[in-house]
Amino acid sequence: QSPFGIGRTATPAEIAGWNIDVGPDGRGLPAGSGSVSHGREVYQNQCAACHGDQGQGGVGDRLVGGQGTLATSKPIRTVGSYWPYAPPLFDYIHRAMPQNAPGSLSNEDVYAVSAYILHLNGLLPADAVLDAKTMTAIKMPNRKMFVDDARPDVNNSACMAGC
Amino acid sequence: GATLAGRAIGSASASSNLPPDVPEWMKTPGDPMGSQPYGSPSPFEKHVVKNIPKDLPQYLSASGRAPLQDLDGIITPNGLFYERHHAGVPAIDPAQHRLMLHGLVERPMIFTVDDIKRFPSTSRIHFLECSGNPGYQKPFGKTASDLVGLLSCAEWTGVSMKLVLEEAGLRPEAKWVIAEGADAVAMKRSIPIDKCLDDAMIVYSQNGERLRPQQGYPLRLILPGFEGNMNVKWLRRLHVTAEPVYSREETSKYTDLMPDGVAREFSFVMEAKSIILRPSGGQRLSGSGFHEISGIAWSGRGKIRRVDVSVDDGSSWQEAELQEPVLTRALTRFRLPWRWNGEPTVIQSRAIDETGYVQPTLAELIAVRGENFFYHNNAIWPWRIAVDGEVSNAANS
Amino acid sequence: GATLAGRAIGSASASSNLPPDVPEWMKTPGDPMGSQPYGSPSPFEKHVVKNIPKDLPQYLSASGRAPLQDLDGIITPNGLFYERHHAGVPAIDPAQHRLMLHGLVERPMIFTVDDIKRFPSTSRIHFLECSGNPGYQKPFGKTASDLVGLLSCAEWTGVSMKLVLEEAGLRPEAKWVIAEGADAVAMKRSIPIDKCLDDAMIVYSQNGERLRPQQGYPLRLILPGFEGNMNVKWLRRLHVTAEPVYSREETSKYTDLMPDGVAREFSFVMEAKSIILRPSGGQRLSGSGFHEISGIAWSGRGKIRRVDVSVDDGSSWQEAELQEPVLTRALTRFRLPWRWNGEPTVIQSRAIDETGYVQPTLAELIAVRGENFFYHNNAIWPWRIAVDGEVSNAANS
Amino acid sequence: QSPFGIGRTATPAEIAGWNIDVGPDGRGLPAGSGSVSHGREVYQNQCAACHGDQGQGGVGDRLVGGQGTLATSKPIRTVGSYWPYAPPLFDYIHRAMPQNAPGSLSNEDVYAVSAYILHLNGLLPADAVLDAKTMTAIKMPNRKMFVDDARPDVNNSACMAGC
């Protein structure tokens, strides 16, 4: 079956341990849940130092605001204004944040802090609790604004003289 | 000067090394064999290092540029290859590194680094370029490295990604492969299956020796012509799927924002581009007379067919000579002999690739894309030459 | 293993980096940007260094070999490029280095290093090989590096020697150019004028960056296809003459002694040669099954046309695949897919260059040249594979 | 005259300082002279440590003997047995020896130590004095044994099967 006979079969347990992908459709989101209010705590303890206490940014990206700015000369791209799907927020925080200790948050804490960031962006009420189902259901405001690559999109001519 | 002996310090004693005198380094034996079991550049070249800004807010997610204007030919030496990483450079023990391949495959698999090296190998010279190299807004960099230094080129050796995928057996629904790195952000990008089955490689060597840690040791992806970030370093996992995963680096970042708020996604290819490296910003012509114009051109769509150079601020153009061999999706060195008449002027180069695509001007790009597009700026770059020979970035004035 | 944290030492804790566990290097950020302004290999590759014997009588006139069996592709990284020098490596300040050109020229001249860089430039990939690589007598080296490690290949950038000679104007009687180095032996060789006006280069860069001190910083000659010693390093003087100078290195050394006491002089070209690097002496096949055979071929007379490989002790041969691009007087990587049946055998490769010349066996060479010829041994090299997979030099048994 | 106008003219004094070439015909040999007996002194002081007190070799090459061995299975190549011309001996010692301080000998000392080495090889009498003229006049015994490169000198066939 394997043309070269190189490598070995991966076990389901091994795959489960390494596969941390969460798709735009929520596939891969784990069990568990987290509330906006617990998220506020996680955020202030583990995120605010880099992202600002209101999510206004610092060493880390701005996480809040910017809706309505994308078509202006000073677009502000944040989770709230730009990201097309909600579940990849879980994916990214879970794999990469906090920057100093990535992968250290429990699934519950990732749900909670995601809920808090979405709440700061007006995308979840203050009493919301986020889990696989509710996170997948969120309609991100900028979702429809993504299109496929349209290049080549310019057409220079190879003028050689009198250009 | 002939009477002065020993190491020269200062200009008076320095002249003792010039003819008719015998230089000091001919009078006693040099460093013995074995002084450098692994060699390094001359101490007189210690200023030639990666171009890393001294004032970044932080250095974990940051980049260091190749000093392009100090380099020759098409190969970037490994010590000066550009770096971009999002959580520092991991120190990976290759004996404990694994590549997992799962998802829409017949048999999910795990490979050691030695396993990957056992596959049939291939070596190819390809460029890598970060997609934000440079942006669309002033001020633009002073030197060629400031401007487009997130670019390098090496001879990569590894296995065709196709062979590794076939080892596990692709299922018919397989349309994308999600590649993940073993760094602290577990960097992740979605790659169309067509690319994976075409010229994609899983590599372990660059310019003959093992990958440098900064370039993904012990394993990385090479997707010839695709933006640098997709060439996932420290490769640990390949997840075969039916849909892209919409990771943070393919949504929040590495998407191209148009003036109307629409954003282009999955814009992978680095389009045809060129830049003059000599003379270039920060350099100074010693005077009128002969000066070779030399630069590099490259295209993510294939080979460079032609490079034109203008020495009169774009009024007329001449075809430059291309250094053979011209390789697909590799840097191509171009050259034009030139005699500077000592008058101020603007010089620039324009690449044309084998698809017939002509490198655009910055104005043409901005007319279509606006100034917020951020990525994939492949504009023609003009250098201004002042009457005293100083070269500066004409797009800043 | 999941409970163990921190850097693993020993096998028990090591397993915590393996799936399903998350490796330690994904849990904390890696080295920040700027940790290595000039990069170096992974600490896990620290065994990959130049091959320098520990028991040489002295280290001033000595050589260090490229670890060929650990390298891929055709480019030798600068840190591992082979070294041969006769009085150590001089530490030359490029601002105080000069190239003098005199003798049978219209106008004797002196050039600074910057002057040489102002000429029209060219970049080419060429191999360099020491002419004594290896000798004709047992015991032969254990590894490929021991055997033919006085060989490397780089992309050289510099000026065509012809342009520099023309700048001074050659007189009609000019037939040889004596090149001299600025090292402590003032190494000197005579070069026929035809070579100087053909593809000879005066170079300042190797693999994009400035020459390494060991390779002749700041200027050296490159005479594509000619024995390494003639490619004079630390080049300081070119003396145009009507006759060769019969220097010590072209009489006492680098002449080829025949069995009858006759010695051949001015034997410059390195003839077509090849060697299998994987599997090669000192390595061990992990077991029967698929193993790619991979090696390098080169010829001082031009391009490699074909490489044949035998896996049955020379009874039959198969054509290997040549990695593109095949460049003139450059290393050419060849590969053959192979399934080892687990039985002892001998493998070897045979290069054929574009002149039709076929790489000879050692027996054929010795039949003509005897065993005292010392230089220019380009024999086919056989590796023996034992039943346990161990690879050794078949010519020693 | 110079197509690119790069570089400058070298002066005769500069060339004289750098041109240390001595040809097989003695061209380039400087004024001055040295005797075998003075050469013995120079040799014992500055050369013997590396080349042996009889020129038998050590860290440095063997310098004496070997005549009649070149066509045997153990050829001994030395100045006396192998070198085709005498003046290049001056050239090499002057540029490269002693290995620890190359170029440090006076022209007189180079003539002298060359004379001594030639004497040890039976090519000069014990009372000889070497100068440009006498050095050029020496007929080295192996002179006639050098021929041009004769390669390609083997002719393998590219047999593919049943070899």
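Here the chain labels run A, B, C and D in written order, and each chain numbers its own residues starting at 1.
We adopt the following convention: contacts are C-beta pairs under 8 Å (C-beta built on N, C-alpha and C of every residue); 3 or more make two chains touch, one makes a residue touch a chain.
Because the structure is a prediction, the values reported are computed rather than measured.
Asks: With chain centres defined as C-alpha means, what is the inter-centre distance between chain A and chain C in Å?
Replies: Each chain's C-alpha centroid was found; their separation is 50 Å.
Asks: Express in whole angstrom the distance between the two chain centres, defined as the mean CA positions of chain A and chain D.
Replies: Roughly 76 Å separates the two chain centres.
Asks: Taking each chain's centre as the mean position of its Cα atoms, how many Å separate chain B from chain C?
Replies: Centre-to-centre distance between chain B and chain C: 26 Å.
Asks: Of all residues in chain C, which are in touch with two or more distinct other chains?
Replies: 19, 26-29, 58, 60, 87, 100, 110, 118-120, 184, 186, 236, 290
Asks: What parts of chain A, by residue number, touch at least two of the other chains?
Replies: Where chain A meets two or more other chains at a single residue, that happens at 4, 6, 10, 14-15, 18, 99, 102-103.
Asks: How is the touch graph of the chains shaped: line, ring, star, complete or other?
Replies: Drawn as a graph, the chains match no named shape, so other.
Asks: With touch defined as at the top, which chains are paired up in contact here?
Replies: So, checking each combination of chains, I get A-B, A-C, B-C, B-D, C-D as the touching pairs.
Asks: Considering the complex alone, what residue numbers of chain C touch chain D?
Replies: Spelled out, the residues of chain C in touch with chain D are 57-58, 60-61, 86-87, 100-102, 106-112, 115, 118-120, 163, 166-169, 178, 180, 184-186, 188, 236-237, 239, 241, 243, 245-248, 251-252, 255-257, 259-269, 271, 306, 308, 310, 314-318, 350, 352, 357-361, 364-365, 367-369, 371-372, 376, 380.
Asks: Once bound in the complex, which stretches of chain B touch chain D?
Replies: Per the stated touch rule, the residues are 19-22, 26-29, 289-290.
Asks: Taking the touch rule as given, give the residues of chain C at its contact with chain B in the complex, in rising order.
Replies: Those in contact with chain B are residues 8, 14, 17-19, 23, 25-45, 48-50, 52, 56, 58-60, 62-64, 70-81, 83, 85, 87-98, 100, 110, 114, 118-123, 154-157, 182-184, 186, 204-205, 207-214, 217-218, 234, 236, 286, 290-292, 294, 323, 325, 327, 333, 335, 337.
Asks: Can you check the complex and tell me which residues of chain D touch chain B?
Replies: Result: residues 4-6, 10, 13-18, 99-104 of chain D touch chain B.
Asks: Along chain D, where are the residues that touch chain C in the complex?
Replies: On the chain D side, the touching residues are 1-4, 6-10, 14-15, 18-25, 59, 61, 70-71, 73, 75, 77, 79, 82-85, 88, 91-92, 95-96, 99, 102-103, 142, 145-163.
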